[in-house]
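Structures follow.
There are two complexes below, and they share subunit A, which is joined by subunit B in the first and by subunit C in the second.
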Partner chain A sequence: MEVLQLKNVTLTLNDSTILHNINIDFWDGCVHAVSGPNGAGKSTLASTIMGLEGYREIQGSIIYEGKNINNLSVDERARLGITMAWQDPARYEGLTIRDFLLASSKTKDEDIIRNALSSLSMNPRLYLDRALDKTLSGGERKKIELASILINEARLVLLDEPDSGIDVESLERIFESIRLLKKRGTTVILITHSLAVLQQADHAFLMCSGEIIDKGKKEKIIKYFENKCIPCQHKNIPDEWEPTIGK
Partner chain B sequence: MENETNLIKELLEASGIHSRIHKDPDSAYLVIHHNKVVGLQGVPGIEVEPQEKADGIHVRFLVRAGTHIVKPVYLCFGMMQNEGEQKIIMDVTIQKQSKVNIFAHCTFPNSVNIIHRMDAKIHVEKDAYYSYFERHIHGEEGGIYVYPKAKVTLEQGAHFKTEFELLKGRVGLIDIDYECTCHAFSVLEMIARISGRADDVIKIQETGHLIGKSARGVLTTKIAVRDRAKAEVYNILTASAPYARGHVDCKEIVQGQARAKAVPVIEVSDSKAHITHEAALGSVDSKQLQTLMSRGLSEDEGVELIIKGLLS
Partner chain C sequence: MSINHFISDVYYVGLRDLKHYLKQRVRIMATLIQPIIWLVLIGNLMSGLTANPFTLRFLNAPSYLDFMAPGVMVMTTLFTGLFAGVRVVWDRRLGILQKMLSTPLSRAAIPLGKVAAAVVQGNIQVLIVILTAVIMGVTFKTGLAGILFILIFISLFCSIMASISIALSVNIRNMETFFALMNFITMPLMFTSNAMFPVEAMPGWLKLIAKWNPISYAVIPLRTLVTSGWDWTVIWQSLLILSFFVLFFLAAAVFFFKRARA
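Let's turn to the complex of A and B:
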C-alpha cells in the first residue's frame, strides 16, 4: 500500500521547470531509491515532498496517507510523520549535539539519543556536549543528522545522499541504520547517485532532467550505473569518450 | 535594619547568588543596593574600598601582585525598587602576575524608570589576568537605562576578558562604551550577548587598540532583536605594531519589525599586523530553521532554539 503519492507534480523555479509531471507511489515500509545523475532533480524532489521554502508552489498533488498535503508547511508535514536528512546538514553556532538531538526527539529520552549515537559509532560521552558547529567534520555532522532521524521516529524518511562525506568504515553503519529504519516499518526514500546506496533499496526510480524515466526493482535500475546511463532520449546521455591513459 | 537585611536577601536571590555567597565564607563579595554599600567581604590579596559620595559609589578594587584569587569574586549591583538612579565609579588595578575572576550581577527586577551608570577605569599590569563576567537581570517593563563605560589598559603580557550578558527581562536602553589599549603580548577578549524585544534599544561601541608587538584582540558581539527593537554595534579594532593580531565578529538575528546595524572598523598601520572581521545580520538561517521544522518544531520554537544557541 502506498503511503505517499505524487500525482502530476510539476515544479517551476525562476521560469525553469525543474520537475516535470512526476507520478510516483512510495509504498509503506519499503526502502525506495530515487537515483540519477547530478542535476536530474532528485534533491529538488525531496525538498518538494518535505515542503521546504521555495518548493511549495507546485502543480499536481502530494498525497500522504490519503491526504493532500500541498498546503502544509514543513513542520506540519513533520508532525504528520515526514522528515528529511540534508545532503549538507546545517551547523548551529552555540547549540550542542544534545540540544539538537533533544529537539529532534519526541520522547526527550536521553537513553534513546545515546543509543542512536552509539549505533553510528559515535561515543555519546565524547559527542553529546560538543558544539554542533564547524568544528565537526562533514562526516561527523552527517552521522549526527542520521542519529536525529533515528530518534525522530518519523513514518517516512527522506535521506538525501546519505553517504556523502562518509568514510568507508562508517558507511556500513549508515547502511545498518537504513536497515533498522526498515525493520521498524519506516518508509525510506534514498536520494542517491551512488551504487552502494542504491543497493540498500528494495525498489528504485530513475530520474533524468526532472522526469521519472524508469522504475522497478533495484536490479533493473542498477544497470543504469553499469552502463553509465541507460539509452534514452534525455539530455544526460553519456558521451562516447573513454580515457585512454593506461590502456 | 531588618528591612535592609531583607532587601539584601531579595537582591541576592534575584541575582541568583544568595546561597553561593552565604555558604562560602572564603569568597569575596561587594553588594551595592541603589547608592548604598550593603554587603562587603574581602579575602587575602584583594583590597576593596567602597565610598558613598554625592555623585555615586566610588569603588577602589585592587588585586595584589602575584596573588591568584582562586574563587570568583562576586559583585552585586542593583535596585529592588522600581525607579531611581545608581552610579558606580570603579577604579580597578590588577597588579602584576596576579589573577582574578569577577562575576558581576546587575539586577533590576522591578525596573520601571531606573538609570544605571557604571564608569570603570581598569589597569591590568604586566602578566596579570582579569576576567569580568557581567550578567544583567532586568524587569519586564523596559523602563531601564543602562550606561556601562570602561577605559582599560593592558600592560605587557596582560590578559583581559570581559563578557556582558543581558538575556533576562527587557533591555530598555543599553549604551555600552568600552575602550581598551593593548601593549605588547597582551590579550583582549570582549564578548557581548544581548537579547532585545518590544521597543528596546541596544547601542554598543567596543574599541581595541593593539599598540604593542604581538598584542591580540577579539571583539565578539551576538545580538537578537525582535518586535520593534533596534541594535547598533560599532566594533573598532586597530593594530599599529608588528605581529598584532585581531578579529571582529558580529552576529545579529533580526525578527519582526526589529532593526540591526553593524559597523565594523578595522585599521592596520603596520605591515606585519593582521586584522579580520566578519558580520552577519538578518533573519535566522533558513536551512537551520527548516531542519528543526522538519523534526516537528514550529517556526517559533525553531527560531527560539537558534537564538538560544547564538546567545549561549
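Let's turn to the complex of A and C:
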C-alpha cells in the first residue's frame, strides 16, 4: 500500500523549475532510495516532502496516508509521523546530547535514548553529557541525528545522504539502523548518490535534472551508476559535453 | 502530549537559549555595563540638576538616583525582552528552527522556552542593576522582600516584551530588519514613559502617552517599592494588569509562531 504519493509535483524556485512533474509512490514499510547525480533535485525532493520553508509552493499534490498534505507546515507533517535527517546535521549549541535526544523524544525515556546511541556504536556513558556543538565531528553529529530519528518513532523517515561524513565502520551501523527502521515498519526514503547506500533499498528511483527518469528494483538503478549514469543525458551540463564512456 | 512533556520541551528550548547567552561574554559584559553607565553617568549628572526642593517635589523620591533606579531596571528588561526574537531569526537562518519543527517537540514550546530564557536573563541583569544602585546609595524602602517583588514585576514585564518580540520576529528573515524594527520600538517607548523623567513635569500630550505606555505600568510598582514602601493597592493593581498582558502577549506569540511560515 502507498503511504506517500507525489502526483505531478512541480516546484519552481526563482523562476527556475527544480522539480518537473514528479510522480512517485512510496510503499508502506519499504526502504526506498532516490538516487542521481549532484544537482539532480534529490534533496529538494526531500525538502518538498518535509514541507520546509520555500518548498511548499508546489504544483501537483503530495498525498500522505490518503490525505493531501500540500498545505501542512513542517511541524504539522512531523505530527503526522514524517521526519527528516539532514545532510548537514545542526549544532544545537548549549544542549547536551542527552538534552537534545530527550527533546526529540516523545516518551522522554532515557533507556530508549541509551539504546539508540548504542545501536549506532556510541557509548552512552561517553556521549550523553557531551555538548552538541563543534567539539563533535560531523560524523558524530550525523549519528546523533540518526539516534534522534530512531527514538522518535516516525512513520516515514527521510534520510538525506545518511553516509556523508561517516567512517566505514560506522556506516555498517547506520545500515543496521535502516534495517531496524524497516523491521519496525517505518517507511524509509534514502536520498543518496552512493552505491553502498543504494544497496540498502528495496526500490529505487533515479533522478536527473529534476525529473524521475527511471524507477524499479535497486539492481536496475545500480546499473545506471555502473554505466556512469549516462542514460539520463545530464541535462544540466553544457551542450558541448559528450560522453566518452562506451564509445 | 502530557503537560510534563510540554514543560520539558519548554525547558530544553529555554536551556539552549540561556546557555547560548551565557557563552557570549562580550554581550553579557555589554548588557551589564550599559545600565551601570546609565546609573553612574546620567544618574549622577541629573542628581546635580535635580538636587533642589522644587524638582524633588516632582520626583517624589529622596534623590534622582532613587527615582531613576527603577526606570533603569525596566529599561534593561525592555532591551532584553525585545531582543528575545533575535534567536528566532537566527535559528531560522541556521536551519535549526526547521529541524526543531520536524521533531516531536511541541511548536508552542519554542516561543515559550525563548520567553523563559529572556526572563532569566532579565532577572540576572536587574540583580546587577540593584547591586549597583545599592552601592551608589539608593535605599530600597521595602528591603529584601521588596527586591523579590521587583523580580516578579521584572519577570512579568520581560515576558510581555519577549512575547511581542517573538510575535514580530516570526516572519522576519534577516537580522538587519529585526534590529531596525526593535530600535524603532525601544527608543520611543523609553522616552515617552516615566522611566527617566517624572510624568508631572511632562507637557499634557506627553503625559497622556506616558499614561498608556506599557513601560509606565512596570515602572510605577517598582518605584513604589523602592521609594515609597508597601502600597498594596499599587502592587496588586500592577500585578493584575501586567499578568493580564503576559497572558495576552504569550498567547499572541504562540499564535503568530504557529501561524508563521516554518
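Methods note: the second predicted complex is superposed on the first by the 231 of 247 C-alpha atoms of A that agree within 3 Å, B and C clash if a C-alpha of one lies under 4 Å from a C-alpha of the other, contacts with A are read in each partner's own complex, and residues count from 1 in each chain.
Keep this in mind: a contact is a pair of C-beta atoms (placed from the backbone, for glycine too) under 8 Å apart; a residue touches a chain by one contact, two chains touch by 3 or more.
Since the model is a prediction, treat every value here as computed from it, not as a measurement.
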item	value
When subunit B and subunit C are modelled together on subunit A, clash or fit	clash
Which of subunit B and subunit C A:A90 touches, first, second, both or neither	both
First, second, both or neither for A:K108, with subunit B first and subunit C second	second
First (subunit B), second (subunit C), both or neither touched by A:D99	both
Partner chain in contact with A:S148 - subunit B first, subunit C second, else both or neither	both
First, second, both or neither for A:C30, with subunit B first and subunit C second	neither
Clash-bearing segment of subunit B, relative to subunit C, as chosen among 61-69, 115-123 or 151-159	115-123
Residues on subunit A lying within both footprints (that of subunit B and that of subunit C)	50, 52-53, 73-75, 77-79, 82-84, 86, 90, 92-95, 99, 103-104, 106, 148, 152
Touching residues (chain side subunit A, partner subunit C) in the complex	50-53, 56, 73-75, 77-79, 82-84, 86, 90, 92-95, 99-100, 102-106, 108, 148, 152
Subunit A partner contacts - residues on subunit C that touch it in the complex	4-5, 8-9, 12-13, 15-20, 23, 92, 94-96, 98-99, 101-105, 107, 261-262
Touching residues on subunit A, where the partner in the complex is subunit B	50, 52-53, 73-75, 77-79, 82-84, 86, 89-95, 99, 103-104, 106, 148, 152
Subunit B to subunit A touching residues, read off their complex	251, 285-288, 290-299, 302, 305-306, 308-312
